[in-house]
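Both complexes shown next keep chain A, but they swap its partner, so chain B is in the first and chain C is in the second.
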Partner chain A sequence: MPNRSKVPTPPAAAPGPGREAAGDARQEWLGVLARARNADLQMLWRDLPDKPSWTRLRGPESGLIMLRGRLGGDGRPFNLGEMSVTRCSVRLGCGRVGHGYVGRQDAWQAEVAAVLDGLLQEAASHQAAVAGIIGPLRRIEQDRRERASRQAAATRAEFFTVARGEA
Partner chain B sequence: MYVPVKGGEQAIDNAARLLAESRRGDPAVPELTLAQIEGQLAHAVDRVMAEGSLYDRKLAALAIKQARGDLVEAIFLLRAYRTTLLRFGASEPLDTRRMAIRRRISATFKDLPGGQVLGASFDYTHRLLDFSLAETGGPCPAAAKASQALPSDMPSIADILEREGLIEREPAESGGAVADLTREPLRFPAARPVRLQALARADEGFLLGLGYSTQRGYGNNHPFAGEIRHGMVTVEFVPEELGFAVALGEVELTECQMVNQFKGSAAQPPHFTRGYGVAFGHAERKAMAMALVDRSLRAAELGEEVTAPAQDPEFVLYHGDNVEASGFVQHLKLPHYVDFQAELVTVRDLRREFNERAAGRREAAE
Partner chain C sequence: MAMPGIADAKLAPGFADPGRDSQRVFRAALAAMAEPGRIATLDLRLQPTPPLGLAQSALALTLLDFEVALWLDGPVAPAADYLRFHTGVRLAARPEDADYCLIAGPLPPLSSFKAGSEEEPEAGATLIVAVAGLLGDGPWRLKGPGLPHEGRLGVGGLPADFAAQWAQNQRAFPRGIDLFLCAGSRLVGLPRTLTIEG
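== the complex of A and B ==
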């Protein structure tokens, strides 16, 4: 979908009590949930008190998205190859609709991400879900990135060109 | 003409069971897990994902296990599986400029901003067999960590040369539909986006040979490895029900920017042109070979003489897919009994005529 506005719009089927979640924040938590490792989310989910009831609206279902690259890295788009994706939509007991996406085949994580998306949109449960799930996942991800980047940085070389014929 | 055969059900069943037992190998040896393949045969997983044209490490590991390590067979399995899945849409174009870098080197500028980051590479090893790996359970030295992470901004080699106007610019976004080889058959002339899609899923060995041929003079294009980068790139997707871009995860990519001389033309001053390669996973040989072949396939558009196989889009794009190539070569194993009977009859007839003519000539000579 080229030229789609990135300005967040509320989900079509999401009336229900509580305030509408701010778009940027929602974009961020959906990203954190999608990137999380299954084992990390399992552990945090297990420890989350007051889990809601929910019904499945769609999925969880696995499918594909076509990944697009750009010519030369910065030119016109082209189709690079596909990627596994699992998505799920749920309605919480309170009526709030949540959507979950994860970039691999993982029905459990897509469904739990959808439930958490619903909880995070609800004023009553937002803080607990941030404190119990999103905050810790963000820290785990940050640590992982930092570690990989510092390991790469340790391999940064200084090359010197050696003039030929010099001692 | 192909005439089908029937029968052999029991033999085929037993062959499948024999394959299963052979795949398992010695039962006294622990069975391979997908996590082991994914974690310890990472380059095999990368190759199967790239040429299977499906980024999914676990499925690629499963395909490798099922195919007993035959990577082209594993690629076939992955391609077949993807046809059973629904496509939800297309991602936003990946932004490799914002890659979380694990390795990034340039052979053209030693002091490029962000530095030369060697990463985990075979390049600086001595290629001597390491017999310590023959034993399992030994200690693994921890990787060193710098005190600081890498800068988040690592400009590409093209950005650097663009500042002086010395390298071609990629044309701005056309905004039109993006051609897709999985939906439409290959047609010629094939535009560069189609060529790159085909090259991205093409056989690494085929591209390597073609790329090498350009270096040896079959369509020489004077390349420099301007930049090779490897790392993690965020995938963004706009789900219909949300209407805004959501990060779905990260993919590991390797990107190669080849920088090539261009003499210029009446309309254009001399400058550098670009060849581009990108592959799933850590796959430098593939990305570099792809960049060489991408550039050589641009010969006609840049007004260069087309003389070599690597410059011929039909030759390259029709023969680079190892699922198609393997299928057509291996179909020769299928029973061709009736075909061959017909050939036998023909050859016997021809021989009889040949012998009769030879006998006639002998009689005439006597």
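== the complex of A and C ==
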């Protein structure tokens, strides 16, 4: 499997009305929005021109979801633990519905993520939203990851096993 | 978390304040069952989603969750996506498998719904039925728990043999089904303990 966490895959085709075909790209931008830091998104959102009007369909609301994992030889699922999730669904003025999920208690970010999901699905506003929000967020995320990798690499300790003389 | 197969186009907002609004509606539902035949009017900021009326929408949003199964009759079937989105409810293919039933067309025979068992009478279905009209001073004479005096009620749009079906439902006690009758923003509760004459 390609390591998608390190090199974010750009949207394959221009998404828009063909929603189902754009499933992978949508998954990717929803992931970027979910992982983004609140301060980064605030800054980019403030600078985004042409913000749409929207109505809330559900939420933003916070709750707990149960994470399940698989372990052992037979891979049976077990309950790993609960995590906080905030979700929101909105309908934009153009009628497009967007959904946003954030893995913590953050009503603002869930709502803005839902609005951006709607904008990104709409062919007319897709490019502007990628250029203004998703692209910069991807770069910030990658920078952060590389910095952490460099710090880890600088402190790497190499262990050599000295061959013991057996005879 | 994802709900496959929900068409975005049909989604409408639910309660404006889900916590408080559902508590108020739950309180109204409780009062309706405790005082059978008393007509309550819901005062809510809720956009009813056609084909559901306001009281039907409000009861459905309040009572349904992912642990129960819902059956929708033909006229209210378009509300399926709306209810699944807001409540996470499961849909039942047949009325006899459902814990809750939303009905806006002609009422099917009461015997076609789940009545629970002697050991688990609480498993009986709750029906949320849209009727043509509710009248506080109608031909029905109501008796039973919750009514210190005889109550009166008139309901438009139920089958002609409803009283006979209801008597049957009552004879099966503690098994049986419970009814909410809704007309616009008004609702009335008919618990299985209620005796209807006339």
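Definition applied: the second predicted complex is superposed on the first by the 136 of 167 C-alpha atoms of A that agree within 3 Å, B and C clash if a C-alpha of one lies under 4 Å from a C-alpha of the other, contacts with A are read in each partner's own complex, and residues count from 1 in each chain.
In this text, contacts are C-beta pairs under 8 Å (C-beta built on N, C-alpha and C of every residue); 3 or more make two chains touch, one makes a residue touch a chain.
Keep in mind it's a predicted model, so treat the numbers as computed, not measured.
For A:S89, using the defined touch cut-off, is the partner it touches chain B, chain C, both, or neither? Pick first, second, both or neither.
In the superposed model, A:S89 contacts both chain B and chain C.
Under the stated touch criterion, name the partner, chain B or chain C, that contacts more residues in chain A.
Counted on chain A, the partner with more touching residues turns out to be B.
With the two structures laid over each other on chain A, which partner does A:Y101 touch: chain B (first), chain C (second), both, or neither?
Both chain B and chain C are touched by A:Y101.
After the superposition on A, what does A:S125 contact: first (chain B), second (chain C), both or neither?
neither
Quick one: is A:T55 in contact with chain B, with chain C, with both, or with neither? Answer first, second, both or neither.
Only chain C; A:T55 stays clear of chain B.
With the two complexes superposed on chain A, say which partner A:R35 touches: chain B (first), chain C (second), both, or neither.
After superposition on chain A, A:R35 lies in contact with chain B alone.
Identify the partner contact of A:G63: answer first if only chain B is touched, second if only chain C is, both if each is, neither if none is.
first
With the two structures laid over each other on chain A, which partner does A:R147 touch: chain B (first), chain C (second), both, or neither?
first
First (chain B), second (chain C), both or neither: which does A:Q109 touch?
Touch partners of A:Q109: none, neither chain B nor chain C.
Which chain A residues come up in both lists, the one for chain B and the one for chain C?
Residues common to the chain A contacts of chain C and of chain B are 61, 65, 85, 87, 89, 101, listed in rising order.
Hey, which residues of chain A end up touching chain B in the complex?
That would be residues 1-9, 11-13, 23, 27, 30-31, 34-35, 61-85, 87, 89, 99, 101-105, 145-161 of chain A.
Under the stated contact criterion, what part of chain C meets chain A in this complex?
Going through chain C, the ones touching chain A are 1, 8-9, 11-14, 18, 85-86.
If we count contacts the way the header does, which residues on chain B are in touch with chain A in the complex?
Where chain B meets chain A, its residues are 49-50, 53-59, 82, 85-94, 96-97, 100-103, 110, 115-120, 143-150, 156, 158, 170-175, 178-182, 192-194, 196-197, 200-201, 231-232, 234-235, 237-239, 241-251, 255, 257, 274, 276, 278, 280.
Across the complex, what residues on chain A touch chain C?
Those residues of chain A that touch chain C are 55-58, 61, 65, 85, 87, 89, 91, 95-97, 101.
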